[in-house]
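Heads up, the next two complexes both have chain A, just with different partners, chain B and then chain C.
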Partner chain A sequence: MNDESNRQALQEDLAQLPATDPQRRAAIVPMMQSLQAERGYLDDKSIKEVAQVTGLSTTEVEELATFYSLIYRYPAGRHVLRVCDSLCCGLRGADRLLQAAEKYSGVSLGKVSPDGAFSVLPSICLGLCDQAPAALLDGEAVGSLDEAALQALLQRLQQED
Partner chain B sequence: MGTMHIDGHEIPFQENDNILKAALAANIEIPYFCYHAALGSLGACRLCAVEIAPEDPNKKPRVVMSCLEPAKDGINVSVSAAAARQVRQTVIEFLMVNHPHDCPVCDEGGECRLQDMTVACGPPYRRYRGRKRTFTNQYLGPLVHHEMNRCITCYRCTRFYQDYALGDDLGAMRLRNEVYFGRFQEGPLTSPFAGNVIEVCPTGVFTDAVFRQHFARVWDLETAPSICPHCSVGCNTLPGARDGTLRRVCNRFHPEINRWFICDRGRYGHQYSEHPDRPLTAQVSGVKVSYREALAAAAEQIKAARDRTGGLGSTREDLESNAILQTLLNKLSGRFATFSDPQLETATTAAVAALQSSGGAPSLSEIEQADAALVVGDLTTHAPMMDLALRQAYRTGAKLAILHSGPSLLTRFAATTLTVAPHEIGAHLLHLNEQAATASTTSNKHENEKKLADIATYLTTAQRPILIGVSETMAAPEITALAQLANALGSRARLAYALPGANAYGTALLTPTNSTTAMLEAIESGQIQTLIVMGNDPLGDTRLGARWREARQCLSTFIVSDCVATATAEAADILLPVAAWTERGGTFVNYEGRAQGFAPVFQRAEPLPNTAEVLADLAHCLELALPDAAAVLSNIFPGYQAPLPGTLGSSLSAFPLTMQTETPIGSAPLGHPGHWQVTLASWYGDDVLASYAPALVELAPPAAALIHPTAALKERIEDKEQVRLRGPAGTVVLSVQLNNDVAADTIALARVTLAQLGVGHGDLLELERIS
Partner chain C sequence: MEAVLTRHLDAHAPLSLQAYQAAGGYHSLDAAFDHKPEEIIAIVEAANLRGRGGAGFSCGLKWRLRGADAPRPRYLVCNIDESEPGTFKDRHLLYGGPHQIIEAVIVSAYALQAEQVVIFVRGEYGKGGHGLKRAIEEAEKAGLVGSNIKGSGFNLQIKVHLSGGRYICGEETAMLNAIEGRRPNPRHKIPRPSVKGLWQHPTTINNVETLVNVPHILLNGADWFRALGINGGCGPKLFCVSGMVQHPGLFELPCGTPARELIFEHAGGLAAGRTLQGFIPGGASTAFLLPEHLDVPMDFDPVAKAGSRLGTAAIIVLDDTTCPVQATLNLMRFFARESCGFCTPCRDGLPYLAQILTAIADGEGRAEDLILMEELCNTIGPQSFCAFAPGAVMPLTSSLQCFRDHYESHIATGRCPFDAANKSGA
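Here is the complex of A and B:
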């Protein structure tokens, strides 16, 4: 699903559905995912494209695109650290973790580092309450974090890059 | 259907009621934000918590959301229980965490539900000392002001805008505590009903941008029950004024007409009364004089002219003024008419006659119940609230069919849209009559035939079909054909017409047969020397403006009374400015034939008389004894009693009108090479009075010649190309805009352009390319 040919195939499939077919709307999430995989995030043009193909209004597409936290409306780094700040992690120090992530990475929340490598985002509950405070680093769950563990994690990432 | 107990009171409830709805119906206050009678329950705000006593005494009572909990027979509900109060207090405290507490500078102050609920249920202290979440506001156009920080996420705005009014440019974005109600990109809201978000929003997120320009605190506003003067639906409104100026107009609940909402034309059209060009001083030959002097000058001319006096009433003047003008003319043995265009006169009287014999038009709440509807013409722009009612029918699965010639917002929701040139509307209606009569045999090959068969099927199989015609863009035979179709469908079918003007129904009842033609001919032949025009604009008429302007030259005296600076008012010899609708009382008869009274809301610093008063003063100067309005009207309408403002209105018992013409629908004239049929491309703010409302007019679409892409291709006309249009009154150069909603061989033009060209809906026009 994540490569260019799949997206084209998807668009072609969608284009063949009659305009009134309710199924068209259902394709919106996979379509947004595949566009994001290609472009890194969805800009206004992408939103309009999705609206055109799925037959939804741009408002409806924007509602969905901004609702799903894994769909980006702004550029994100190649590596994304999503620190959970919901209830359990919040109680276990998510605030401090977010501040530490900004400090060690040198990137403020929601921004991209100048080399395009890194972004830190707060996240809605990841379902890792047993490991609070937890985060997702490039989709991998990391739990029971503290500042030291986070710093080590970020250093390893920088070395690998 | 059953009875429950709320804090010891026995409360009856209907089937499918929830606790909140039943309680509100019994006048029991349960605090709430997100529930709305028209939008239903959502459970988003969590404020309407109540406690329900357990059936099993060993169990504990539980706190539930009263808007989501069905009312059940015998249950014991407590609003005052400590647990429920605690929940409500906590909810308010949470909602206020991010609220900016900016009540002193907020436009909503004084009518803010959040303010009321916080005082009623919230904690009397603030504990939160942290940073508040803030948003960037959007520019939403000249009508609605956006202030997102105040939001409490009740979702009422999008539920109204998207779910109820079927708009698609206001949505709920993002998630968690960052939910944002706005547009995809900044820009004016496009729905004709956008202004209602101001009233449905329980706090100050959406406020009236026009009111804001000249703001007053709501508790300082003078108000009185009024009726919207901007179309024939007759929505009930509550205008607010202060210091002798009108500031805003709000909805006023009427259970059968507008209920909770009004359209943007009704909400913002009121700015005409504060327009800088509005005539406020009487004039004689362009010189400002006192009212008495102008009146004396008018009386002198009328005395000289005697029976060579004519009077032109209006569909936007109230019932009293029209009736008194008619009486005055009777006394003078002069001539009385009410329309500026004979075609409009015959069409409107035919529509009223058809409504009288069909047993009356359905109310808006009845239109909402329809399961199939046929609309002839562009309903949204002639009666926006009828469109909103049809949208409710559409939401519950009604099949909508539209027979039209030019752009129409309703086509988006239509199951079948039949776009034909103005001259072919009649033939299609006759065809539909045949189809409905003979349960169609589908050997049809032509696409339009198939569509007609579909429409006939919707209408014949429906339980509650409704036929609605836009009388301004229909000729009398077409009006009659639609009425015959309603007749053929039997008693379950209802018939309605969107009429031209707030009092078009009432005015039609007073209109003598073929009076407009007679009046014009009398003026042209010199039989009429002095003409009194009252709230009408014959010189600005789209089709006959040029003829009226010439006729005006035959008059020795042209007396005009109006509250807006129309072309007619500007050409007057004697101008008598009158009070605007919010400054006077009177009666309008809406499209159903429902007479509704409206009360004066305020007085200007220098009060103006209303039209009926001007006429009475004029009669006094002429030494004629005129009876008062009540006597005149009870003479015309047996048993007439003036409907009191603020009541539901009463139906008018009038003698049935007879159709003025029996001309059958002929076949459409053959196309002339180089000639196009004209159709009116209107928009929802298009109305004589509202066209003087600056904020609303900002949203008017730019003038263009709308042509169907196929027709353009045939004539090799390109999009955005400049073309010259030639009509009997003049020539206009416009750029072409391709539009799929325009019929073949038809060109859709704005009302202003029609007036410049001197053509009306259905007339022919020459189009010339500029190479």
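Here is the complex of A and C:
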């Protein structure tokens, strides 16, 4: 099942519930996740949609959308590279890796490359300390990275696009 | 020690339901349903299974204290929001063997007579979370989850909550808020979640590593479990070793294994010619220990006696090329960024500490900064709302004691001696 039909099923389930049912509020994170999977990020229209379905105010939705680090309120690239900058990766060269990621993707941290292909973000510990320095590329773990491996990875993605 | 918790883990091809059952999986359900719930709780308490999420509280005691007469509905929350720097044990459990987790929550929920389980998975482990959902569907189809499981009369629903991603969600009461769709600030500790937890119903929260021990304890007995530990520890323990070692990795060993054995035998020791400067024993929010502590058994009480915490049993190794000021700054930046912002000492205090540390690391520190940081640590920890800030200042407080000469030399010379060493070596 794709994310859109997942979301529609979730919305239909919620529509059956009374406005005050706590399950409506509890659906806020899954709703934001599936909208983001479809649209790449949550625009203002998405925030309103989530508010409508969950029965919350747009302010309450905004509060959570901006709280969570995996929810984006600004456009993100088609590929998102999250480079761990916590201690274990830091000890093994995360700083150099972040610089290399900016250099080879042509985009500064937190921005989208002009072709819309990439965003590079620093991340808290990804639980990949046994493969440090590590990153998540579109949710997939990539570990034991160095500048050359990172360059090859980004080049491959550019070619595939 | 023969592997117990990691025996069937395979992150590339986790066992299907059928293969897991053929390997002995889900046998503990029959054993569980042959026992009264309170008998299982007594066995777990006798095994002295202590919480693997960091606090080390007795799992059996936590379950007993919730009370057999707690009103329904009751919830069990399984915590897989692993985000503590240095810690990756739960990732191995999740990606490598989802059915082991499902078996564990069924048996644990039966002991607690809880009808609903929520498994909270950190957002960065999304692929693992999807694998777990598929495994739950498999188990539901086989009648292992749902109504009247194996004719026992016990009903159970298991849901997976994939987090939106913040470190604080791993704090148990913040996790309840996150599941309910509220801002994940920690809640007041009283009433306890066991009294008023999810949607104000009795809720028990355990780390996933704690829970996966339960089926083994039930099948093999409390004495077997206790005998697996050494140096006073009980049971098997998942240890993560990372940082400046040759072979970082996950090692399942007896609880109580000394740090020396973990670092120098299992993780391959340090690179040639390097010496150990210090290590963190239990993830980012625990105090640094020194080479003189290498023989401390990695168990809750001995590590506490040495001045730190076993925490998540995630050892991070610093060798003599690592600047301890830079390492401490990295930790403080992490905590400053991850503060939930709810209370002022934590929200404003941790960035202030990070700013002072940055100045020292950049060679712009002042002599009075060390005393100022000590005062701030002593204020921020006790005056903040939850356990986050005390954990955040613990590595700094210990770093100021263990590595004081390094701080003083940064301030006196206006430069980081490790920068020059690394540059000339590069």
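Keep this in mind: the second predicted complex is superposed on the first by the 157 of 161 C-alpha atoms of A that agree within 3 Å, B and C clash if a C-alpha of one lies under 4 Å from a C-alpha of the other, contacts with A are read in each partner's own complex, and residues count from 1 in each chain.
Heads up, the rule we're going with is that a residue touches a chain if its C-beta (ideal position, glycine included) is under 8 Å from a C-beta of that chain, and two chains touch if they have at least 3 such contacts.
In this text, all values refer to a predicted model and were calculated from it rather than measured experimentally.
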Clash-or-fit label for the pair chain B, chain C on chain A: clash
Which partner, chain B or chain C, touches more chain A residues: C
Which superposed partner A:88 touches (first chain B, second chain C, both, neither): second
First, second, both or neither for A:69, with chain B first and chain C second: both
Partner chain(s) touched by A:124 [first = chain B, second = chain C, both, neither]: both
First, second, both or neither for A:109, with chain B first and chain C second: neither
First, second, both or neither for A:132, with chain B first and chain C second: second
Touching partner for A:44 - first (chain B), second (chain C), both, neither: first
Segment of chain C intruding into chain B (one of 363-371, 399-407 or 417-425): 363-371
Contact residues of chain A, present in both the chain B and the chain C interface: 63, 67, 69, 124
Partner chain A, residues of chain C touching it in the complex: 82-88, 90-91, 122-127, 161-167, 178-184, 199, 240, 242-244, 248-250, 284, 314, 316, 318, 322, 326-327, 330-331, 334, 337-338, 340
Chain A contact footprint on chain B (complex, rising order): 162, 168-176, 180, 183-185
Residues of chain A touching chain C in the complex: 22, 25-30, 32-33, 54, 56, 63-64, 67-71, 82, 85-88, 90-92, 123-132, 136, 139-140
For the chain A and chain B complex, residues of the former touching the latter: 44, 47, 57-60, 62-63, 66-67, 69, 124
